[in-house]
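Input: a single structure, listed below in structure tokens.
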Amino acid sequence: MTGKRGLTQEYAARILGNESPQHAAERLRPDLQALPHVPDGSAQISRERARALWDEIGGDPALREILLERAPDELRLYQGNIENAIGVLRMPIGLAGPLRVNGFAAKGDYPIPLATTEAALVASYHRGCRLLTAVGGCSALVLSESVNRAPGFVFETAAEACLFIVWALGQFEEFQRLAATSTAYGQLVDVACLVEGNHVYLNFEFTTGDASGQNMVTLATQVICDAIVERSPVRPKRHYVESNLSGDKKANARSFTTARGKKVTAEAHIPAELIAKHLRSTPQEMADCWRMSAIGGVLSGTLGIHGHFANGLAALYLATGQDAACVAESAVGVTRFEVTEDGGLYASVTLPGIMVGTVGGGTGLPTQRACLELMGLSGTGKARALAEVCAGLLLAGELSIIAALSAGHFARAHRKLARGRGTKTAETWPLAADSPP
Amino acid sequence: MTGKRGLTQEYAARILGNESPQHAAERLRPDLQALPHVPDGSAQISRERARALWDEIGGDPALREILLERAPDELRLYQGNIENAIGVLRMPIGLAGPLRVNGFAAKGDYPIPLATTEAALVASYHRGCRLLTAVGGCSALVLSESVNRAPGFVFETAAEACLFIVWALGQFEEFQRLAATSTAYGQLVDVACLVEGNHVYLNFEFTTGDASGQNMVTLATQVICDAIVERSPVRPKRHYVESNLSGDKKANARSFTTARGKKVTAEAHIPAELIAKHLRSTPQEMADCWRMSAIGGVLSGTLGIHGHFANGLAALYLATGQDAACVAESAVGVTRFEVTEDGGLYASVTLPGIMVGTVGGGTGLPTQRACLELMGLSGTGKARALAEVCAGLLLAGELSIIAALSAGHFARAHRKLARGRGTKTAETWPLAADSPP
Amino acid sequence: MTGKRGLTQEYAARILGNESPQHAAERLRPDLQALPHVPDGSAQISRERARALWDEIGGDPALREILLERAPDELRLYQGNIENAIGVLRMPIGLAGPLRVNGFAAKGDYPIPLATTEAALVASYHRGCRLLTAVGGCSALVLSESVNRAPGFVFETAAEACLFIVWALGQFEEFQRLAATSTAYGQLVDVACLVEGNHVYLNFEFTTGDASGQNMVTLATQVICDAIVERSPVRPKRHYVESNLSGDKKANARSFTTARGKKVTAEAHIPAELIAKHLRSTPQEMADCWRMSAIGGVLSGTLGIHGHFANGLAALYLATGQDAACVAESAVGVTRFEVTEDGGLYASVTLPGIMVGTVGGGTGLPTQRACLELMGLSGTGKARALAEVCAGLLLAGELSIIAALSAGHFARAHRKLARGRGTKTAETWPLAADSPP
Amino acid sequence: MTGKRGLTQEYAARILGNESPQHAAERLRPDLQALPHVPDGSAQISRERARALWDEIGGDPALREILLERAPDELRLYQGNIENAIGVLRMPIGLAGPLRVNGFAAKGDYPIPLATTEAALVASYHRGCRLLTAVGGCSALVLSESVNRAPGFVFETAAEACLFIVWALGQFEEFQRLAATSTAYGQLVDVACLVEGNHVYLNFEFTTGDASGQNMVTLATQVICDAIVERSPVRPKRHYVESNLSGDKKANARSFTTARGKKVTAEAHIPAELIAKHLRSTPQEMADCWRMSAIGGVLSGTLGIHGHFANGLAALYLATGQDAACVAESAVGVTRFEVTEDGGLYASVTLPGIMVGTVGGGTGLPTQRACLELMGLSGTGKARALAEVCAGLLLAGELSIIAALSAGHFARAHRKLARGRGTKTAETWPLAADSPP
């Protein structure tokens, strides 16, 4: 059974056990017997509604106790952030940093709360932050910011599609006016168009103040679409407020060269001595490891080149009330390490489209807001600074993981921390073999 | 200022305000003045250590109250899942379903806990679940399962690289034996190799029982690598336990055709009447909308074709203690809608590599375990069933969003729920205009 | 030997035969013994120089006869299109069409010369052209046109990179003036910038008249770069006239949403009867086949969705003197088939960036120019029309291949034509089994 | 008109001139008036048939003279390689090398014929070959070889799809036997399967002797598919001999990690002095330029990392009778440059799937065969050697272009050669400014 078919056959045998394939396949059939009661949904959020929902589904009281009763009584505060609430999830928050960030918007020393359940994650980012702070902080800069929404319009012919575009581009100021009726914070700044046969994609680009802004741009685009359908001299056969071109919640190559969220870069020049002290590696070893990792990523068909942006992003997004699903689209970008002429390390990360805000979404919930306040980044006027801190954090994480891989400490750090035996400082964690617990 | 340069100049002017570019650039310089104290890291997790950490960073007592003191005293339970703990994050959990799943491993009606802070997410998945349950449930099937780790080896020449491979492939049974010394659950099932110049990537493929298994395969691979370096007749100049080829935590094209986590598909045949009743759309409208969305995604350079896998995945991963960072790699796949010969809708989702487990990682933490238990999917023997429920949930979500887009309800549902005014059943939510609150 | 390692081991055994790996590896070593004479290069093209080169390398007279002496004596006409000329390649040209194209620039019936050595290619495109002509022609439209060149600049810091950009964007009119000094046909129309750490990519976008224009924009960009290096207040450490961001000669996702060559779409609405008559298939069968093919392409990680653009493109590029290497970047795009409400087929192709010209490059060589003249598309004012005909041709090819696959004729047509037994009309070729030779 | 809409509006205005959009759109309508005569197709290739075809389409006698009459009378030799032949295309062939290749199959000094009409291409590859030969030749190695064909099968449900797979994998030896009935050279070596909802993709992998093999595997797969449809216990609703998963004629990410054609790598270690002498650059400058180019390519969403594989590939494919359309899929891979510890340059190229053969297709045509014979690579037993020479050539090209870019000679070389004024040796071409013409 050489070859891939052998593995597939082994898998099938393992799954089936003694059952025949036909018998197993029977289990997959739809079954209309004894359909369960599906509760009505509810956007009213309160402890009472949650209890009623538990009653309705007949949930185990012990679980209800853990998920609902044991939590602080703050469920009503989640109104507008969830539906059908039945309780509250708890995740630990670990601290990385303080990280010194020299940004255009961020400027100072930021303690960084990270929510995760994965061993070694906070430790790894923490030692990266410690290094960056030791060199006087990283530089970080938001390079552009806007959020897009891309409605789709279907016409009879490509000719009609082109007529539509010529008309629509001439309506830009009117579209701006319409968008402004639905939002006080968002502003339409550009529209691009793409024709595929008789399909037209318009890509509306907005600034969204300090909100991440996905909902804001959806509502504004709906207002524009309503007007388009009513007024267009070439009536679309069908239209959709979003055509899936925007990149919303999906890793996409387009983000590198067009606008989606905040483009941000962070960098540092790090002397060899500090690499040795904090990361137990050398600039040359790290640049070599980066090179092979860069190509490894390319060979696997990733978008961009990086190590583990998703780890830090997910943990920071969760702690600060960002949309966790946006990790899918935000965890894309480029990490670059070089040995400099003076023998040090140049390191940078660039993220083409992170979706962060300091108002709206989950940013106002009790613990999430507290995390933002701990960083001094809650409320209006702070979103760009949050993006810069985010980039700095990811730079710290890339430095730490590449150092661990290049120095052979990666597996050891995970073994030690995941098994709960790590006890000393973050910087000695990767040196499990030679440091006391 | 026609063209893209105009937008860039506008952005620069907006950011700079009255400041000169030179002056602004000064802010980005490293600054070694008054470096902050960076606490030693600690893997010891307890309320006392957390308090000490708050003292050390001088955190605001009001924030400490929210993040640490107000939470149930369970911090020590997180030992081994985090470091530098300073408190506990709270997120609401909403209920979707029960969803009937006719899987090979999953079989029954599953209430699905979703942790999110995004309005409309639970409502949207809930109405999809309601529909799928009404047709007797979706079919779902794990098609393969294994987790890979891809160490990298650097040689002087490609010739040495090839000699190494010939040797290494002959050691497979020995590698299996070595892997078994580090884990009782994981089993090495294959190794593939890829040569790029003088670089060799080995791709080790493991089964990992009911654990998601990333750490397990890292440790096993480290043991193998240690032996390789010691015994190989062609000594690598450098090696790394992971070369970034594995796809770990990054969306990648490779997952479609090679092994990474669990491949899973879910599908349903849905009569037009139920589409009309539950989603207020028609099979033809939905298939048309799917087609434009599929191409929209392709044009934006996404991997695969789908709508919003990340939303449901992130919410379910969080609720059940999966690694949230894995959303980046898991939220990739294919959704397909077709009008069937009898005028109904065929709908399927296929995910080439989701990373889920029912033991290990965050699955044993109090609320996460409670969520798994609510689904009846906690502990050994349940991982494949969890994967099948996960696929069913995402199918529900794809049905719901495409219906909302095709029927023009997408923006309205978000407006209503995000602003906290939605109150009735999930299925009427998207019909804000014509249903009473 | 289950699994992939088994296949690799089998391959190694097959290649090595009785040789040991070590012995085989020895063959790969550099060998400085008896290095061959490498002729000086020469851009002077003539029969005499070619003969001298044959003498210099000691080439077999029989081969010289075939490659050099037997060809018409026109070698000197290739001066400026090649170096070190030693002869002339001959490829057959087949005729597809005439194809009726209703374009904005192209309007009429175009016989299409295709240069290829692959059996069935011309036959397949020909029957597609026949069908499109029978419906009154396809519609075709160039949606935008410009060629980009993307120089790269390296700075010490990201801060310097940003200062540079602010300066450079302010020089746009000066850059336009500089570009105009190097070319009478090209015009600089926009510049965009992208920062990655301390790297700056500028993307200059030009119109290039009726030339494909790659060389034109290179020279213009060099003039701009020379001025930038001299005048910039922030001096780059290094710079390159092309940074590999432009997409030149490489399939790239970026082309869908930014400018590169000509964006063009072609479409047709085709009644079911004509599908039956010309392609022996039905709209439903073809739309079903398209859907599976679309997803198959996505699963394999292609850019866009299509069947075989490269076949028609390569053959037309060769016949008309386009740069054959540009097939790599041009053969990207989207094909879409739908059953229309009246039971017919809607079919379209969209190519985001084809590189075609009717002046410059190889378009003036004897046979290439003759092919352009056969189409009535030689010289100035014809490039957009050529692009529209090109899109129409590819639409014909997509219709033909999907029909052959959906009707099960694909393999039969290839067998018959490749084995030289096909003799009747193109439309019956795919029906090998039931039609006389 | 800031922003992208401005550029689009400018384009529309330029194209429309004084015409109204509505009027222009009218031109795109199908037009059934005076449909042209479309000749019957013909696979019979001869000068007489060609003349008849010219008569039939009423082609200009002057063009017929150039394309048909002036060519050597060898048209009948193209029988089985084209249909509807009307003449012969002529392209110049330039010589690069000889290139010394130390391969496993290739071993010696290879003069390399390149067919192109692009100035500077041959000169650039020639100087790269000169350098590689001067270091004793490059190493090159085919790492695996097989060609795949991926039929698609549509079932009612995913459950049926799985039943089908279990059955089909058990038929492997029978499939091998069936394949062998259609070809004496091809051999089925593996089959993999992929399920997407109720769709099954089987991926058949064949060795194909010394042929490129696409037709061979199509015919063999058709035989297998015919048997499958007849014998399968679960009958597919529809099936296609190719599902577009194979990657045929399209750049695809899948080729890196699965089989498609020949995987090949070439490499060299080059002392700094020879870089200086032949390329007028330094290892450090070249490694720096490579790094920025690598990231530039990644940012543009290319597959792999390289400079201009398509240039050399297309020219060599054409000269040696390979399928030019395969440039689209073959021109993908990884180039890597590093400064070595001794201050030299390590350079490698790796191509995951090139499609080359030395028998079949266009390899037997007069000039194409002559080119293969000039290299000593015509006929059976030579395909792997051709692949190794091909990789060596591309390595030469990557060295040359990166050197030109890093040293600022890129634009100058193109200007000089394209304008026909370059006259001296290849190695001085890039030094237009300081060397006499």
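Letters A, B, C and D mark the chains as written, and numbering starts fresh at 1 in each.
As a working rule, a contact is a pair of C-beta atoms (placed from the backbone, for glycine too) under 8 Å apart; a residue touches a chain by one contact, two chains touch by 3 or more.
All values reported here derive from a predicted model rather than from experimental measurement.
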Pair in A-C, C-D or B-C that repeats A-B, with over half of contact pairs matching by residue number: C-D
Centre distance in Å when subunit A and subunit D are each reduced to the mean of their C-alpha atoms: 38
Computed distance of Cα centres, subunit D from subunit C, in Å: 10
Junction residues of subunit B - those touching two or more other chains: 2-4, 7-8, 10, 28-29, 139, 141, 157-159, 162, 189-190, 192, 194, 196, 199, 253-254, 256-257, 269, 294-295, 299-301, 303, 334, 336
Chain-level touch network, classified as line, ring, star, complete or other: complete
Interface residues, subunit A side, partner subunit D - complex: 2-5, 8-9, 12, 21-22, 25-26, 28-29, 157-160, 162-163, 165-166, 169-170, 172, 189-193, 205, 253-254, 256-257, 291, 294-295, 298-301, 303-305, 334, 336, 338
Residues of subunit D defined as touching subunit B within the complex: 1-4, 6-7, 10, 139, 141, 143, 157-159, 162, 192, 194-199, 253-254, 256-258, 263, 265, 267, 269, 301, 334, 336, 346, 348-350
